[in-house]
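Submitted below is the structure of interest, expressed as structure tokens.
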Amino acid sequence: MTDVTLGLPIVVGHAGVRVVPLERPRDSTLFGFMGSNVSSEKPKAVSLQAVADTIRAMRAEGKKILLVGGPAIVHTGSAGHVARLIRDGWVQTLFAGNALATHDIEQALYGTSLGVSLTKGEAIEHGHEHHLRTINTIRRLGGIRPAVVAGVLTSGIMYECVRADVETVLAGSIRDDGPLPEVITDTMQAQARMRQALHGVGFALMIATALHSIATGNLLPAWVKVVCVDINPATVTKLADRGTFQTVGLVTDVEPFLRSLASELSGGG
Amino acid sequence: MTDVTLGLPIVVGHAGVRVVPLERPRDSTLFGFMGSNVSSEKPKAVSLQAVADTIRAMRAEGKKILLVGGPAIVHTGSAGHVARLIRDGWVQTLFAGNALATHDIEQALYGTSLGVSLTKGEAIEHGHEHHLRTINTIRRLGGIRPAVVAGVLTSGIMYECVRADVETVLAGSIRDDGPLPEVITDTMQAQARMRQALHGVGFALMIATALHSIATGNLLPAWVKVVCVDINPATVTKLADRGTFQTVGLVTDVEPFLRSLASELSGGG
Amino acid sequence: MTDVTLGLPIVVGHAGVRVVPLERPRDSTLFGFMGSNVSSEKPKAVSLQAVADTIRAMRAEGKKILLVGGPAIVHTGSAGHVARLIRDGWVQTLFAGNALATHDIEQALYGTSLGVSLTKGEAIEHGHEHHLRTINTIRRLGGIRPAVVAGVLTSGIMYECVRADVETVLAGSIRDDGPLPEVITDTMQAQARMRQALHGVGFALMIATALHSIATGNLLPAWVKVVCVDINPATVTKLADRGTFQTVGLVTDVEPFLRSLASELSGGG
Amino acid sequence: MTDVTLGLPIVVGHAGVRVVPLERPRDSTLFGFMGSNVSSEKPKAVSLQAVADTIRAMRAEGKKILLVGGPAIVHTGSAGHVARLIRDGWVQTLFAGNALATHDIEQALYGTSLGVSLTKGEAIEHGHEHHLRTINTIRRLGGIRPAVVAGVLTSGIMYECVRADVETVLAGSIRDDGPLPEVITDTMQAQARMRQALHGVGFALMIATALHSIATGNLLPAWVKVVCVDINPATVTKLADRGTFQTVGLVTDVEPFLRSLASELSGGG
């Protein structure tokens, strides 16, 4: 809508176009059995299997997988699982914010997320500095990619994105500290970049972020399947309230979900 | 942190400054009886009374009241209550986003919020157009203030803000449609404006927005009291997880809370 | 099902009876505009009005109103609102447990709920005794009705139920302290009493209790309209998961809801 | 309290006994790092590890492990994980209700839970009958143990409890269908049985049940450590609101939690 220009052909009026809504197939796939209800009381292993099958099928058709992720991925200790998914080619596009990137790099450099040790689960003494030191380190080096090239950043989600040339859009928000150089602080520019990056995406996995999920939902064409994973049922309800109807909501915990998904798609345990 | 410049005196090291944490008074005030627990099962009329008393006391001391609000204020039919609070001088500063402003103006112009009638509770035929028509109307006029001056916008939250010279910061987000001309799309500029606008604020009331509440929490000095009202306990937990410890959480529904607050502060019913 | 006896005519097999599901009217009533979605972001005043209208219409048809309530009614300071609804004839049947009755009588005798003052919102010194003293007082007198007759219990929900001859079923649960003499500790007997008490009920208002709401939902015929009010969307989802499909869920806070309902139905403020 | 008899020595008054509250150790154990906050955003693998370590330590000291479980264990497809924990000696006592037992036996006999296939995640045609057929089958045989002896029930949680002589209390509730013969329908009798069965218990794991968790919390001495696992943070908040302060809350999804716990304690995957 923001890019409408004079001369563009646009359908107007109330009687013009018949839209056939995307039908949810009634078979045993993910979109067959789920979706009616935002409930946490469903067989969880089946949902996981269905998401993995959908991702495999999309990749077999040559379509891209988009991951939209929030910082809880790192807080819950799931950055390693996502890194593995990226390394093994299961993610082609990443939409996130400054927080996900910063916390991910903090855990790669210091083993903490906002100062909380991800192996012990407790705040480390002086750990609160790690957040700012991380931001300063990356800013001094000129960004995430330079930090990888310089050998400073050697693991984690952002590292694997650089290595695998995952198309990454880090969109700014008013919550941001720093931010990291790659973050697009102008929200309209960020939207434009997200819109471009959606070409070729066949499946979107939204994990633990209301802001980026709703923003992506606004931009997605109706034929792209969406699975929204959040422990909070309100996030899924909000997405549907705002018009992203093709979304299947999975009310589950992010860490075990991502651990199992990485296990299922990349093998091992 | 983003404004640090060479020559600025800054305390460093781990042994330097003794900070005496803000003590929560143990008397019968809002901050005495609440706060220990994010529970929805507390006497609600007492909480409401305590918020009203705090606002009155702050105003008597000449301090400003900051309202940080999300779009659910309009969706739940509470825009009229907030408009009344502003008209009667109970809000000096407003932090919000494009969504709150757009939905508020839509209900002022069309009586709907995202096409849903606020008097009937149902979607109006062709009501989905109201959102875009609202944005186009305001953009064509050059903004919210021009729309008030032109006599097009004659009621609602944004109208009262213009009338009462409430300092308003509309910060952009990647979810935005439009956005309205007043929205600051660059998130760092928006942060800077929010930081300036906090001078003189003695009390912050955060209503139904995780994004703007966390962003404001990052900027607030520790002596500003904060009450965060949300029907979802996770929003309050997130604020505390991210370091806004002076926050008292009220797990309640926004519409009746704001209706009662307007009633209490402005009289009548 | 538990009362099936030899000789009872019962429909069996898969091909026998065509059931026409209760249609939700698509007009502007409560059951027209709500129900699709367990969302907290809806116009709240409209929902309240719709519940009040439904209750008035049911009473005009001579049908009974059933209130199913949990102890949060008392904890949130709403016992007075419910007492007023009962006094004015808006409730004919009450299903609750030992907790609601005990906390209600505690607040009538001591002004506290589990030792928390409902006017100050804080724990009273030695207030934890009130709960046990309440139970002992009522047990010594032989029950709630004797306590009313003796002039010991003179206000509150249970008092008004005795005065207005509201058909009351207090069903036992394994959480109970005491319990009060009126509590039916055998769950099958309690079910049987609830089943009997449902004759003539045309509308059920379920407030802040998963246990009693699901139990009642199991017993209700499909033509009885149900509104379930809970601040926790999961309670409404659970009801639907377990087959009570005619339920309209209102995700809102109990105290302001009941205050407004009493105001709307009984006048005044 | 319900068992007080004449002649029993009881401490009375307000000045009598100094109680030293159970201190939470500040080391790296489960009870050191958790508990301050009901947050879903914590490192999940650490929590899991801490629960497993606590269970192993308790068993090494010869103390019993109590599992308090709700029907969502079966709905989410976790019955197999719990069965494995029981088979391998990690559970000595089970508190549950008619629903857990009935759904568990339904999945053992028919592969469904309330008619929903646990391998496909969808409702099976005529699957709604399975629930009643399960209840009828067990009632006809005289109970769960007879069904195991008769070779009819050959897998699942209840089967393993019979095999391993796990002390099981199935407490009745007004929601119950049937119920199964082993269910104690009188709530006071059920409480008495639960109280007896708590002797020797050193650790309680409460999974996805508010009713049974709060009831058990009422009976537990303060030295028994409790971990409450629920995807809904409100359940943990309710436990604390009602006085079970020694509880550590884990806001996570039941199925992956139990799968990982079985994996950790019993090996394999």
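By written order: A, B, C and D. Residues from 1 in each chain.
Going forward, a residue touches a chain if its C-beta (ideal position, glycine included) is under 8 Å from a C-beta of that chain, and two chains touch if they have at least 3 such contacts.
Here the structure is a predicted model, which means the values were calculated and not measured.
With steps allowed only between chains in touch, the distance from chain B over to chain D comes to 1.
Remark: among chain pairs A-B and A-C, A-B carries the greater number of C-beta contacts.
These two copies of the sequence, chain A and chain D, are related by a rotation of 180 degrees on CA atoms, to the nearest 5. Farthest from chain A in terms of Cα centroid separation is C.
Distance between chain centres (mean CA atoms), chain A to chain D: 35 Å. With centres taken as mean Cα positions, chain B sits 28 Å from chain A.
Inter-chain centre distance (chain A to chain C, centres taken as mean C-alpha positions): 43 Å. Chain B has residues 40-41, 232, 234 in contact with two or more other chains. Residue ranges of chain B in contact with chain C, taken from their complex: 28, 32-34, 40-47, 50, 72, 75-78, 113, 116-122, 231-232, 251-253, 255-257, 259-260, 269. Interface residues of chain C facing chain D in the complex, by the touch rule stated above, are 1-2, 14, 114, 126, 132, 171-179, 185-188, 190-191, 194, 210-212, 214-215, 218, 232, 234, 242.
Residues of chain D touching chain B in their complex: 37-41, 233-234, 237-238, 240-241.
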